[in-house]
Each structure stands twice: as structure tokens, then as C-alpha cells.
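Heads up, there are several structures right after this.
Two complexes, one shared chain (subunit A), two partners (subunit B, subunit C).
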Partner chain A sequence: MDQILLQILNGLDKGSAYALIALGLTLIFGTLGVVNFAHGALFMIGAFCAVTLQRILNISTITIDPTKTDFLGNPAKIKTPVVETWFGPEMGASIIDWSVPLAILFAIPIMAAVGFIMERGLIKHFYKRPHADQILVTFGLAIVLQEVIKAFYGANPIPTPAPEAFRGSFDFGTYLGYEANAIIYPYWRMVYFGFSAVIIAAVFAFLQFTTFGMVVRAGMADRETVGLLGINIDKRFTIMFAIAACVAGLAGVMYAPINSPNYHMGMDFLVLSFVVVVVGGMGSLPGAVLAGFMLGILEAFASMNQVKAIFPGIDQIIIYLVAIIIILTRPRGLMGRRGVMEE
Partner chain B sequence: MSTSNLTRRGLIKNSAIAGAGFAAPTIFTASSAAAYTNEPTGGSVTLGFNVPQSGPYADEGADELRAYELAVEHLNGGGDGGMMNTFSSKELTGNGILGKKVEFVTGDTQTKSDAARASAKSMIEKDGAVMITGGSSSGVAIAVQGLCQEAGVIFMAGLTHSNDTTGKDKKANGFRHFFNGYMSAAALAPVLQNLYGSDRNAYHLTADYTWGWTQEESIAAATEAMGWNTVNKVRTPLASTDFSSYIAPVLNSGADVLVLNHYGGNMVNSLTNAVQFGLRDKIVNGKQFEIVVPLYSRLMAKGAGANVKGIHGSTNWHWSLQDEGSKAFVKSFGTKYGFPPSQAAHTVYCQTMLYADAAQRAGTFNPCGIVEALEGYEFDGLGNGKTLYRADDHQCFKDVLVVRGKENPTSEFDLLEVVEVTPTSQVIYEADHPMFAGGALGSCNPGA
Partner chain C sequence: MLKLNKRDTLLFVIVTAMVLLAPFLLNPFPQGSSMAQMFNAGYPDLMQRFVIFGILVIGFNILFGLTGYLSFGHAAFLGIGSYAAVWMFKLLSMNIIPALILSMIIAGIFSLAIGYVSLRRSGIYFSILTLAFAQMSYNLAYSVLGNPSSSYNLTNGETGLQLALDDPRILDGAAAANGALPVTKLFGLAMRDSYNLNVGGWLFTFNVGYYVAGILMLISFYVSIRIFRSPFGMMLRAVKSNQQRMNYTGLNTKPYTLAAFVISGMYAGLAGGLLSSMDPLAGAERMHWTASGEIVIMAILGGVGTLIGPIVGAGFNEYFKNILSKINDGVLHQWLSFLPDGLENFIVGILHYFVGKGWHLTLGLLFMLVIIFLPGGLVEGGQRLAKMFKSKKTDDESDSNNTPAE
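Our next item is the complex of A and B:
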């Protein structure tokens, strides 16, 4: 039982990332009708916003310390971060320590701008083209974006630690009557799950309770009629694209401490996120969230040694296997709507 | 009446055979003019540097390329000569190899076997490379080594740590300077015993491919021999990015040591995840929980940041070594590029020097001459102390470094500290050791 609880917890954070990416994908698909293969790259750019802010905060003044030598035997260069000079060593150090949460504020305008430029600059030209063209162009864009990131940041993962206060793990087991260390879960992953829940709730509330959201929902249902009513639906949809980019980007920012960001992380999530969207039902926002968590947890279960002993290699195929079963039994996915991708 | 027995059917048959002959790749067919594949005829000789220039090991590949360029510069008489000055053999004088100017071409392995073979083949066929070297993965090294054996050129392996490269997949035309999984285990085990005692329970997480398997086998055998119990060996897919579901059950398994048979991005992520789960703060079976990373790389350690602190592993070479060879190499590389070289850079620089020196001593670029010159060759002054290129398997035997993630690094390069230099006598094994059994070296192939 403790093993099962443990894997449910493990599935939650990965499921959160899947859900957030799939939510953005579904928003874009539902509003613009575009299958956006560059969405994983937006997640990756989000993570690199955290890396960039960390680098900015670590910009240092260099002083020569003649008492120490570097690896070549020359006088050592001592780096002092500028923020430590400005705010004092203690305050400066804690600002650097909190760089990942601070990067949320840093990432929102950047991601919105990236989303805006992507939609206005490239994707809008492909609205009336077949889905295959959209997939090709967005996939190409994803490759370009990841190569740009690699050119600037290199191919190796870059450590982006969580604030000191959130390092280490929480022992759930002792609270539930199990032995110590039976169910442990890192604090930062709990933060990540909570953060995702807030973002998901915010997106739903925005669509449900604002006039803007109402127009967007109406546009998702019948774009033409909304346009005929004199509403500039294109402008709203551009804003929705920017919001979807922000959701993916914020998912990336907060994911940075879980696994050190590298240029390839977007692709790692992208394919699975598409499966999540299809399983959840194309165009269904609750479906994307539900399927994200469900597949995240299933993937964690499949990695259990006990399961792998019975079905070797199951951890690598479980998501696709479940996707096949769901699509065979429910062709529109778990919560798919009639008419989406069926024209 | 014609006496010719040429028939339509016979003509088609013979044409087909002739056509097949012409269509065969030129590297696998004899050329009557040359004595061996790509015999250099002009005033220069071309070497093929096959390194990952894209993909996850691109940074390591870039460092290898820097070292290759430095080696070529030194061979052609440029720069300060680097380790040529400390190398025990004095055959190389900065006048190229056998009086021919050294030129090079590069290929991108992408850390994929098929891409690496294609780029090696192109460098041999189109650019006339007489030797192929480089790489940052055992899967790639084994694939390219096989190709070079068939093509009749020498392969000087780059960073490859699987036992199989000079074990069951060894080839007469292939040589490895880098150490291997067995040697890591032999060097690490006594240090681990001293530090953590003989009564430990180890849990292995292993990258699911040739390198991971042989390292897991080596480390498990060495630690079990000193009394440790292996609780579980779990294989993780190479494409894994999040290891939480593999790490979470570790504490509950009764294990008090976690061995991460991972490299590159896998190592960075699994170690980061393990530290996140607070494994290192736990007390299990009354003992402090420990993590071991048997193969360390400074470039990779950088990706894991502060998580490497206090964690033990092994490495082929480290820039902080104070022997004359290492100092000369670090000075040369550091002056040119502004940062110290990685172990990948070191091993490929050595391989280039060793190849050049072997050609010089043999008086030919003929692969069979090179093989003869390198087999059983003993040398010194290249940063690892006295070293032997064993004739039986073309593996270098030298001291192995046991290192630890540094607690208080003084610079961004100062991530590892050398804990012990394990002498060759402690890490050497018989050529027919069961972990290296199967396959045969065969005989050298000069190609043409």
C-alpha cells in the first residue's frame, strides 16, 4: 500500500507538467485550430527563463586576488555578484537563492512576447492550411528554437536549484502510520503540484467568469458566428495564444529545479503531451487536465519494480498502450466533443 | 557457325556479377595502386575526428575537438608542444607525422551509432582519412570500431567506458586509451570499503545499454567480493529524464547505498532527483545513506551543481594532477582556450599523440605497422604515469583516479578532488577475464 501511495505522489508532479502543457495545447487547438508542435519548446524556453534570471542575478564584478592562483598559476579572479554589492551579502545571497520563484515574474512578459511573436509572425499564416502543414511548420520551429537555446547555453544540463527552504523531502509515511522513510516526497515537487493546481484553476476561472473568457469559449464553439457578431475574434485568439505560451512557460520555470534544464527537455515532454491531449479528447480542457494526471500516475506505477517484474519494459510503453485502449473504446478521448477534428 | 558459347542468359549473369563488383563500396574493395586504405601520397596526412557535435554530448564533443586541434597544432610544430615535451617517446619532433603535415576532417557522431558510422565512412571514403578517432559513447565506439576494422583504418577510441569495447567487441584495428567499468570498480571498491565498511546494501540504477550493463556487473562483483549485498539492480531507459519513480522505492528496499550507473544527462538527473528526495540525509540500517557515481566526468558534474558534493566516483584523468605531463597539457590547453581540459579532451589528445608516435616508430601509416608498434607498447609522460597498451586486447593499463565531489570549490572548474590514485597493479585483469570474454581481436586489416 505504501508503495502505491508513493507512486501516486510521484505521478502527481509529472502529471502536473503534462497537464499544464496539454492545457496550453488544447487552448491553442480549441481556439485557433492549430496543432502546435512547438509547444514543448515553449516549456523549455520557460525553464531557460529561470536559467537566464539565475545568470543575470549572478552577474559579478571581478577583482584580482593576488594571494590566490587560478588553474594556470595566474592571480585568481574573485567574482562578487552585483546583487550582493547592492543589497548586502546576506540579502543578495537570498535573492540569488530565490531565483526560480522570482523567475515567474520574469518569465510572464517574456513568454507572452514569445507567444505573441510566434502567433503573429508565423502561425497565423497557417490557419487555413491543412493540419499536416501546421504540424510541419511548428515542428520545424521547435527544432529552430531548441538549436538557438543550445547555441547560447550549450548542450549540457544547467543546474537551477530550488530555494534552500524547499530542499529535502517530507516524510508522509510517519503521518500515515508507516515506517519512517516509507513514503518520502520532495518539498519542491509538492510546491510544483500546488502551483500547477493554481494555474489550472486560474485558467478555468478566467475562461468561465470573465467576458473575455466567454467570448473565447463562444469562439471555440463557433468561430464564424462570433465573428459575424462584430467581435474581433482574431485579436482575442492571439491573446489566448500568448496566455497558452505563458502557461507552458511557467510550467517550465517551476520544473527547472526538478530536472536541470537542457535544450532537449521540450521534446521529451511534447510527444507525451500530445498523447495526453488525444486521450483527454481534442479540444477538451478538463479532459487534458484529467488525462495529464492520469497518465502521469500510470507512468509512475509502471516504473514500480513489482510491476516491471511481471511486465518487463512496461514503463516505456504504458502511456501509448493506455492511449490505444482509450482511443479504441472511446474514439473521441475521455472527454472529447463531437465534431472536433472530424470535418 | 559461331563457336562462341556466349548466351543471352550468360551475358546477363556475368554483367550482374560485374555490376555488383563495381557497386560495392570502394572502401571494402582492393585498390591495386595503394598498399593500404588511404595511403597518403602527397605532403600531408589526414586524420578523421569523429565527435558528437550535436545531441546531448555536444559539449563533451566540443572539448574533444579543442584537444584534437591542439594536438594537430603541436604535431605540426605550433604552440608550446604540450605533452610532446613530456612524452617518454621522443620520436615526434613537431615536423608532422613521418614528415607529412597533419590535416584533419571532422564528423558529427550525434551520439547515434548509425550517424557515427556514416560520418566515419564519409571521412574514410571522401576525405581519405587514414585514422578515425573520437566519440563519447560506448555504443558509438563499438559501431565505429567495427566499421574501421572492415575498412582497414585504425580506430583510436575516445571516451568509451564499456568493458565490451576491448572485451567481446574488441578489434585488431581498434585501440582504447580510456579506462573501463572493470577498472573503475577495482579502484573504487577498496575506497568504498574504507569509507563505508563491509556491511552495506547496495541498490543499482543502471542505464539500459552496453555501458550500463558492464559497469553494473563490474561494480556489483567488486562490492560483493568485499562483503556488500546487492539489494536490487534496476534498469532505466536511456531516454528517461525523471528518475523519481525509480528513486522513491530505494529507501524502502533496505538499501543504504545507491549506485548510479548513469552518464551524461541521465547522471545529472538521477543524482539531482536522489538528492531532492533527501536520500543523503537519511539514516538507514543505522548508517548514513550514501550515493556512488562510478564514472565521473567534470563536464557532467557541472550539470548536477552542488549535488555532487561528497559523492565518490572514478575518472580517467583530472586537470589538477601535478605530474609534468598533466601540467604541460593543462598549461597548453588553458592558455589557448581559457579553461582547463576535461578527461575527454585528455584521452583524445593522448590517442592522437600515441597514433602519431606509433606511425613515426613504424615508419608507415599502414594499419598493420601501427598495430605492431602499439601492441605491448609502454610509455610515460602523458598524464597517467606509466602506461601499457596491452597486445591481447588493445586496452591501456594505467593508474585510475578515485575522486570526490568537492565540498568547497574555489572556482567553477574545481568540482572534483582526487581522493586516491589507484595503481595499475590493482586494476589490471587477465585478458581472458570472464567479463571480457567472447569475441576475438582478429588480425589487423590494412584494407587495400
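Our next item is the complex of A and C:
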């Protein structure tokens, strides 16, 4: 039992990332009808927002302290981060320590701007082109974004630690009455799961309970009629694109401590997120979330040693295998709607 | 000639001439000059890549160009072909003919299985299904089937599958006595052998491997022309323009699309086998989905659905990849030395991101520009230019034969 629980927990963090990216993809697909291959790049840009903020906070002034010497005997150079001189040493240190959560605030405007520019500058011109063209142009954009990041940040992963308070693991099992050391779980993954649950809930609440969300849902169902009612649906869809970019970006920001950001992390997640979207059902938001968590947990179960002893290497292919079976047996995915993407 | 009409014959003759004379055409600058180091492409390795990727993209074009099914997992067949060929070198003989035949057969079997499943869906679902299959093959080759300690090590994982001295090689007999690895050959001709011709300052290299691959490419090209002009090709085009209507007329399109998929998979297998024949080493990275993406890029750059487009795209992509990655800051400074120093440094500073290691960025941008402005690829660009010059001379007969059918 504790083994099963442990695997479910292990699947949650990856599942959350899949669910968040797939949610954004589905939002874009459902509103604009565009298959966005650059969505993984948005996730990656989010992670690099965390890196950038960390670097900005670590900008230091160098002072020479003549009383101390370094190992060569020269006067020691002491780096003081600018934030520490502004807010005092203790406050400054904790700001630097909390750079990843702070990067959420930093990332929201950046991701919204990136999303807005992407939609208005490029994707707008592709609504009337075939789906293949949309796939290809966003694929090209993904390559370009990835290479730009690589040019500025290099090809190596950049470690971006979580705040001190959330480093390390805790014994989750003891809270549930299992013996000690049965379920050891890292703090930050728990935070990540909680965070993504909040984001997902927020997106659903936004769509369900606000007038704006109502209009967007109406537009998803029948774009033309909403347009005929005198509502500028294009503008709202652009905003939805920016929101989807924010969701992907925030997923990336919070993922940075779990997996050090590198320039191809977006591409790695993208393929799986597509699989998630297809399994969940193209255009279905609950389907995307459900499939994201489901596949994440399945992957965790498949990487158990007991399972691997029976089917070697099953953990590498389980997601694709499940996706293929689901597409063939339920062509619309788990919760797909009728008439979406069925030419 | 060869049952081709006049225009196709002309095209085929031109391509044949270019392939046969490539060692001359690609070496326009004398040996040793600075221009030669930068722009000459007439060395065996690169020329082989031109024609092999030409074969690959010609095959991809039969699927994507004719039926409109965008496969995002074509590199899987390339990788499968490579592995099959290397296994043939290990087990049977260093002669490339059995290796190429096996790689086409194996790739054909795989594409039959993958195509049978994937073609049940169309549009974006098809792309994602092929992508999933390719990633699955990649993961299998990279880790599961490539674990050197297990008993079913088919791919040798990260290291890549390579020849060893103690391979059986049933037909070739015992390993060479001097302890060197045997080389791939076509009967008596080793693939790596070259004949060098010195004319004045020029050095022309005629490589056996290149000509073998080149002739195979010409055969592939000829087959693709025949497919394009056949009733079968017409059927595939009909699938592209409106599959539903085809189904309503009571015609089952599945066998046609599946046949196109298998043919293009076998083309990819042949290309993979050739890659292994030139350098008997097969790695899983050939199957990664970014490699599939590169095939798509080549096809789009050249022009999808045209005969010559795939060859142009493959050549263009490989050539510029090669040149761009050779240019570095020093070269840029040398070229721009006529500018004032500040401006020179500024321009070099900007261009720095687009050349050398940054060539991916340039190709990515170029790819986007082509999709946005030239959906028909470089071939369409050429046609537009030709038309501009024509219409200046005669304003009539402008676009009478260019309007789409609907």
C-alpha cells in the first residue's frame, strides 16, 4: 500500500507539469484552433525567467577588504549583492534565497508579453492556412526560441535551487500512519503539485465564473455567432493565448528547482504534452488535466523495479503505448468532444 | 525517353548531369585558396550526405507532398535502416548490397506496421501518432534494446552499433590478419576509395561511395517521377485535396495511403542503409524526433509536392549547415575589414549569434521565413522569379495554367 502511494506521489510532479502544459495547449487549440508546437518553448522560457531573476538578484558590487587576504595573499574581494545593500543583509539574503517563487511575479508580465507578441505577430496570420502550416511555423519558432536561449545562456543546465526552507525531503508516510521512512518525499515536489493544482483551479474558475470566461467559452463553442453578437472575440482569444503562455511559463518557473533548466527541456516536454492532449481529447480542458496526471502516475508505476523486472524498459515507452492504444480504441481521446479536429 | 514526357526527361537529364559532375560543380575554387576552404563542398563526406538525404526527402515527399499526411516520425525508418545495414555488415558480409536490401525490407515492415495503425487517423492526430511511434522507437533503441549487459542488445545504446573484429561475417571468412576493421565495399570497390584528379590548382575527388549513392539517388528520383505521373500518384493527390469525397464515391483510400507510407518508409530505410554503408556506425540519435523535424525542414525548404524540391531542399540544408558552421568571428572580421572598426565589431557581434555554433538559429529563421512567405519552398521562389522575368517580356498568358482546380 505504501509502495502504491509512493508511486502515485512520484507521478504527481511530472503529471502536474504535463497537466499544466497540456492545459495551455488545449486552451490555445480550443480557442484559436492552432496546434502550437512552440508551447514547450514557452515552458522553457518560463524556467529561464527563474534563472534570469536569480542572476539579476545576484548582481553584486565588489569591494576590497584590506583586512582579509585570499589564498594568494592578495586583499580579498568581497561580493555584496546589490539587494543586500538595499534591503539589509538578512532581508537581502532571504530575497535571493526565495528567487524562484519571486520569479513567478517576474515571469507573469514577461510570459504574457511573449504570448501576446507571438499571437499578434505570427500566429494570427496562420488561422486560414492548413494545420500542417501551423504545425510547421510553430515548430520553426520553437527552434528559433530554443536557439536564442542557447545563445544567451549556453548549452549546460543551470542549477536553480529552491528556497532553503523547501530543500530536502520529509517523511510523508508518518503523517498517514505508516512506519517511518516508508514514504520519503521532497518538499519542493509537494509545493509544485500544490501550485499546479491552484493554477488549474484558477484557470477553470476564471473560465467558469467570470463574464470574460463565459464569452471565451461561448467563442470556443461557436466563434462566428459570438462575433455576430458584436463581441470582439479575436481580442479575447489573444488574451487567452497570453494566459496560456503564462500557464506554461509558470509551470516552467516552478519546475526549475526540480530539473535544472537547459535549452532543450521544452522540446523534451512538448512531445509528451502532445501525447497528453491527444489522450485527454483535443479541445477538452478537463481531459487534458486528467490525462496529464494519469500518464504521470502511470509513468511512475512503470519505473518501479518490480514492474521493470517483468517488462524491461516499460518505463521508457509506457506513455506512448497507452496513447496509441487510446487513440485507436477511443479516437476522440478520454473526454474529447464530437466534431473537434475530425476532418 | 524512359517513358517520361519531355519536361520530366529534361529535368531528369539535368539532375543526372549534376549528380555525375558534382565533384566539378561543387569545387569552383582552386585548392588551398581561402574561398575554397569556405565554399567548396566537393569532398566525399558532404557529397554523400547531399545524395543520401536527397533520397530520404524524395521518399518523404511521396508521402507528404502527394497525400498531405505530415509524418513527424520519419527519422525512425532512417534509424531502423541504419541498424539493419550494420547488422548485415556484422553477420553476413561487408558487401553493401545485402545490407541495403535488408535495410529496405526491415524499414518496409516497420512502416507497414506503423502506417497501418497511424493511418487510421488523419491530420494532426496522424502527426502526433507518428511522432509517438518514432519517440518510442528512439527510446527502445537508446535504452531498452541497447543495454550491453542484456542478452538482446540489438542497438548498443548510447555508444551506437559498430563493427568489431570478432563478428562472424559468414561470407567474408576470417577477419583480416592485420587486425584492422574491414571496410564496406561493393564487390571489389571499397566505399571510401577515391580517385583524385589534379587540374591546375584544382583538386577534384571522385569517391566510390558518392557515386554508388548518387546512382541510387537517380534511380529513386526516377521512381518518384514515375509515381508522380502514374494513376497511383493521381489517386494520392485526390486524397490530399479531398479525402471525404473519395470515400463518398465508394473508394477505400486506405490501401493507397498505406502504400505511399510504406514506399516512403522504404526510401528512408535505403537512406539509412546508405548512411551506414558510408560509415558503418549506427546511433539512436538518428531516430530522435528532432531528426524527423529536420527531414520536414528539408522538404519544406525545397518545396513540397514538387519533383525537384526534395533534392534542392536536402542539398541546400546540408550545404548551408556546413558553411554556416565553418564561419567564425575571425572570418567575419576578415570579410568586414573594409568597414570602420566600431561598425565592424558591432556587426560581427550581431552576426556572431547566427554563424558557427549558432547555425541552427539561422536555419530555423530561414525555415520560418520560407513557411510564412513561400509555402511552396525554394522551387516556388524560383518559379516566381522566372515568372517575373517572363511577364516583363510578355504580359499575356500570365497565370492561365496556375489557377488551382477549386
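FYI, the second predicted complex is superposed on the first by the 325 of 343 C-alpha atoms of A that agree within 3 Å, B and C clash if a C-alpha of one lies under 4 Å from a C-alpha of the other, contacts with A are read in each partner's own complex, and residues count from 1 in each chain.
Just so we're on the same page, a contact is a pair of C-beta atoms (placed from the backbone, for glycine too) under 8 Å apart; a residue touches a chain by one contact, two chains touch by 3 or more.
Please read all numbers here as calculations on a predicted model, not as lab measurements.
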Contacts of A:Ala132 with subunit B and subunit C, given as first, second, both or neither: second
Contacts of A:Val198 with subunit B and subunit C, given as first, second, both or neither: neither
Subunit B versus subunit C as contact partner of A:Gln3, first or second or both or neither: first
Which of subunit B and subunit C A:Val271 touches, first, second, both or neither: second
Touching partner for A:Ile184 - first (subunit B), second (subunit C), both, neither: first
Which superposed partner A:Gln316 touches (first subunit B, second subunit C, both, neither): both
First, second, both or neither for A:Ile258, with subunit B first and subunit C second: first
First, second, both or neither for A:Met214, with subunit B first and subunit C second: neither
Touching both subunit B and subunit C, residues of subunit A: 150, 316
Residue ranges of subunit A in contact with subunit C within the complex: 35, 122, 125, 129-133, 135-137, 139-141, 143-144, 147-148, 150-151, 267, 271, 274-275, 278, 282, 312-313, 316-317, 320-321, 323-324, 327-328, 331, 341, 343
Residues on subunit A engaged by subunit B in the complex (per definition of touch): 2-3, 6-7, 9-11, 13-14, 68, 70-72, 76, 150, 154-159, 161, 167-169, 181-182, 184-186, 188-189, 257-260, 262, 264-265, 268, 299-300, 303-305, 308, 315-316
Contact footprint of subunit A on subunit B as seen in their complex: 54-59, 232, 234, 237, 239, 241-242, 244-246, 248-249, 251-252, 265, 268-269, 272-273, 276-278, 281-282, 284, 299-300, 302-307, 319-320, 330-331, 334-335, 339-340, 410-411, 413-414
Contact set on subunit C toward subunit A in their complex: 64, 68, 70, 72, 117, 120-125, 127-129, 131-133, 135-136, 139-140, 142-145, 147, 150, 243-244, 289-290, 293, 296-297, 300, 353, 358, 360-361, 363-365, 367-368, 371-372, 375
